[in-house]
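In what follows, chain A forms one complex with chain B and a second complex with chain C.
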Partner chain A sequence: MATASLEQRENRRAWGFVTPALLWTVAFFVIPFIVMAAISLATRKGREIVMAWNFDNYIEFFEKAHLLKGLFVSLEITFTVTIISVILAYPLAWIIAERVPQKWQRMALIMAILPFWTSYVVRSYSWLLVLAQNGVINNTLTYLGVISEPLELASTRTAAVIGFVHFFVMLLTLTIYANLVQMPPNYRRAAADLGANGFQVFWHVVLPLTLPGIMVGAFLTFVLCIGDYITPQILGGNNELALPQVIMLQLGRRADFPMAATLSIILMGVVTLAYIACARWLKMERT
Partner chain B sequence: MISSRFAKLLSWSYLIALYGFIFLPVAVLVLFSFQDGRLPVPPFNGATLKWYGEVFADSRLMSALGNSLIVAIGSATVACVLGFCAAYALARFVLPASRLQRGLLISPMTVSYLIIALGLLTTFNWIGVSLSLWTVGIGHVVINLPLCFAIIYASMGDHQKNIERAARDLGAAEWQVMTQVSAPMLMPSILAAFFLSVTFSWDEFIIAFLLSRFDVTLPVEIWSMLRSGLNPKTNAVGSVVFLVSVALLLILELIVFRRTAKK
Partner chain C sequence: MSRHVSTGKTRNKFLSTTATFILGAVAMSHSAQATEELNALVWCDHTDPALIEPFEEKYDVKVNLKEYEGTGAGLSIIEQSRPGDWDVFVIDGVDVHRAVEMGVLGEIPADALPTSDIFPEVVMADNNVVDGKTYAVTEKFGYNTISFDKTKVDPKDMEDMSVIWSDKYAGRIAVYDYYLPVIGLVGLGLGIDTADLGADDMPAIKEKLFAMKKVSKQVGEVVSSQTALATGEVDILVGGGEWITAVLSEEKPNLDWIIPKQGGLRWAQSIGVMKDSEKPDLALKFVQYIMSPEGQARLATSSCFWGMPANAKAGENLTDAQKAALRWDDQEGYLKNSQLYPIPDADLDAEMQDAWVEMLQQ
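Now for the complex of A and B:
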């Protein structure tokens, strides 16, 4: 049999199919990333970018308080959002999986993620409508006579956290729900038969089995939250800037590409650390 | 018994409270797009379609809407074709370093859009490519290609492999197998990948913002409208964007999932 030559022919064809996608990824993702990494080692002289091949920008990042603070603001917001979202989403996923009748579950999930499909910009604007000084909450409370002075809700970190949590509760509900429905009911029955009470069943059986869902959702939340510019910009205001806001500031007002690139590489480093921390739960291969 | 009824009550109130939280901003957005007055906040003065009229009479918004559609459909098509071919090659043939190739194709998924946009921006600046809708489209293919590849690759099961082999044995050329056997069998997941890509591109802001100059997409145009503060016209255009996204989702649900369910 001429298997070898046939295989060779097939292989050549297969390369033809996969090459365009690989080339696209290399040309518009890998190379730009390398260029950006290189630019982060450059300095800015006036309007010119000069390749200096040193780490001055990185040193500057750790020395200048307003740059370093961006990272800490981002980390604080991201951790707060991730924790609140998990706490809110877990019961919701559980109720949908356990209490909502089977035939309505799909509908319930679709409804839960429906606002997810408004554009990011529009969703943050919608929260502005609710939280602004003359927004829905302040107007309603003033009308009811609960408050006389409008509350300072918009342009605060709280507003940014609310906007983020709104988005990520849906995401986490999905990933946790997916885990909950995969769990065979026998596991819980077995635990109960062996004498575990409701809390013990949850703590020793259900929670560990749904941990992958929690971690996958939490990791996605972390990555999307820490890299987002829109929500902190629209809802968080300009009092304390998150890292993506600092990056955009370098680009916009100062046209400082090297520093923007440096900050992006640092942002990516943080995400990579988060990935390493969550890696054992994120292994999802095609079976 | 009482405690179980209490638990039931508690879970239903929790459900309602959280759905309330999830829907509050969208409800406010849509309701006050009909506001008969200058401010999209309570009290509601009565319904008017005036703001929608203004949106559709605004030539800048309308051209941004057109641009968004072009970029979304164009980039989703390219991403789907590239993703399908790559998935076909990696699922059906034994290629060296296929794990590495899969990892490379998926990798843009793990990076923030901001970083992808910034990388492309510095590169385009460096080689002197001027920014346009084309550069936005390139960026959107970068973010949608991993998605299309992953969805289509995951749906390529072994039972389809045998049908493809049968077609080959009956004398079909490779491209015929691909277009007349594999693609129709995988149509639900290809369509899912396509519509998801269209929605992601349609809603995407940061890449469109950094990689465009004069012709902008709708989210970027809305962004510049935000500077004027709260305005019922912004509500109206936001509601239109929401409606289009929901329509795309409905199409996805009706065409794609209905079909998979039937099988």
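Now for the complex of A and C:
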């Protein structure tokens, strides 16, 4: 009896702690999401928005190649950015964790995340100046005689990928570094004692143990990159549109909220699929 | 002892500082209460303190400004606000009817406006007057046409609109990212007047849009378009005009603009009083200030972007250099050779936007 009462009290306490976060989530995520989902089922009649409760907007999205292309552009950019960021961040995190003396590691991490301290928009515009026809890169290469004509770097998908990678390498470095420093050094010593060479130790011991850090960082990169509007808008030169840019276009002049909501729900669906894949993989890793 | 004195001094200093701070806060709060407030939903050129401060001082009023881009975005802000939240609305001239249909703008007494001082071509009664009632007044105008670097391209080539889809300057062209004026310009290039532009014209326009995209380097909003032209990233800007080059006239005299022989697009922004404003008299005073020669000169040379003032008397308050940058003396010819934005109905508007996205995705 006394145990049950204690359990009830514990339960009430737990609910007390959870309720504010739950209310916050309901108020600022669940309700807006339901409203957005409902609006995506509306339609525009002239300038009016009418609740039609049909899937016409979704059908239109899949029927119109230029809208569908927005999703593919987003996915292509996001996968490219995620893969390049992992390839660059892993060695950086490894160098900080393994080669930098412990007393300097904090400083090295601060240096690595220093670009985070500047505004995202300012950073994107700065890249535009670096990549421009008469920017730092082209001027340097021309001065060194490597090129005679300036390279077309700004206002391209490459520029958008560079801007993204610059940002996400820092994020991935942090998650991979956290994984690396938690790994007991005895694992590697044991593998070496059993005759594994440096590469085999990395491939069979270090890499599998740091995969959760890579996956979490890669998932965060995926989510933040696929939903980003600023970088492709500033650096991509609108030469192709990612899905967030297509969403913004619906709102600018025509205020087509039903189509904007539809595209947002589709974007969210893609992120949810990525989350499910990541969560399943992490769960499989644990079991 | 010394320590005690020092502590006492510190305490006194702390108390006096606190008292000063509290008194200051009370005074500020009193001043805030005493000052009336006016809420205006505007384009970025109205946020220049040099424009707003003289009105605030004269009427002891605080003007709260919210900037927006795109009529859809502006109307959405109003829809999400409570009636009476906004007093003044600046809107694209071609969208005044849309705002009136939505019950956003209120009637303005026509005799309260300096209509006789406004350049006749930009009075635009068809836009600003609905069923004989005046709902807005044109405050500023300019041209969406072709801006270029005259040291890098042949200015003669810019006289023909077809240059924007020809191969001659491939990779050196930027396009202003707003479908309405650029589609209008392409239409003019094909000999279609903006007033006649309809769904039947869209296939031909789309073909030229795609050709233009093929030879262009980028499609960007105001800042990136201006930056591209100013830094030499591109040599031609389709959809540009004095609003892009005039503000840079001193630092970049190599930048110029032209209205091609087929004509150019004329943009115009209107200002009106909100129907549900709780301070319609003060809101009207603000509109009158903006339309006065002084207000017009300040608006024309706003730090955000320059444009011709609608009130011809504003010339008295502009310097010769400012007038030269605005091409004051050439306006007669420009006005004759320019047309207003197309005014599409909802379906054509959707078709135009689709064509634009399709072009961007090429």
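The criterion applied here is as follows: the second predicted complex is superposed on the first by the 247 of 287 C-alpha atoms of A that agree within 3 Å, B and C clash if a C-alpha of one lies under 4 Å from a C-alpha of the other, contacts with A are read in each partner's own complex, and residues count from 1 in each chain.
FYI, a contact is a pair of C-beta atoms (placed from the backbone, for glycine too) under 8 Å apart; a residue touches a chain by one contact, two chains touch by 3 or more.
Quick caveat: nothing in here was measured; it's all calculated off a predicted structure.
By the document's definition of touching, both partners, chain B and chain C, reach A:Ala132. Within the superposed three-chain model, A:Leu67 lies in touch with chain C and out of touch with chain B [touch as defined at top].
In the superposition on chain A, A:Trp281 makes contact with neither chain B nor chain C. When the shared chain is aligned, chain C comes close enough to touch A:Ala255, but chain B does not.
When the two structures are aligned on the shared chain, A:Arg44 is found in touch with chain C, with no touch to chain B.
Applying the stated contact rule after C-alpha superposition, one finds that A:Tyr58 touches neither chain B nor chain C.
Residue contacts after overlaying the shared chain place A:Ile234 against chain B and chain C alike.
Once the two structures are overlaid, the count of chain A residues touched is higher for B than for its counterpart among chain B and chain C.
Looking at the shared chain after the overlay, A:Val246 reaches chain C, while chain B stays out of its contact range. Across the superposed pair, chain B and chain C both touch chain A at residues 128-129, 132, 134, 234, 251, 257. Within the complex formed with chain A, the chain C residues making contact are 69-73, 75-76, 98, 101-102, 171, 177-180, 217-221, 224, 227-228, 231-233, 345-347, 349-350, 353-354, 356-358, 360-361. Across the complex, chain A is touched by residues 8, 11-12, 14-15, 18-19, 21-26, 28-29, 32, 39-43, 82-83, 85-86, 88-90, 92-95, 101, 104-105, 107-108, 110-116, 118-123, 125-126, 138-139, 141-142, 145, 149, 153-154, 174, 199, 202-206, 210, 218-219, 222-223, 226, 230, 234-235, 238, 241-242, 245-246, 248-249, 253 of chain B. Across the complex, chain A meets chain B through its residues 10-11, 13-18, 20-22, 24-26, 28-33, 35-36, 39, 88, 91-92, 95-96, 99-100, 110-112, 114-115, 117-123, 125-130, 132, 134-136, 139-140, 143, 166, 169-170, 223-224, 226-230, 234, 244, 247, 251, 257, 260-261, 264, 267-268, 271, 275, 286. Taken in their complex, chain A has these residues touching chain C: 44, 46-47, 64-67, 69-70, 73, 128-129, 132-134, 152, 154-155, 233-234, 237-241, 246, 249-257.
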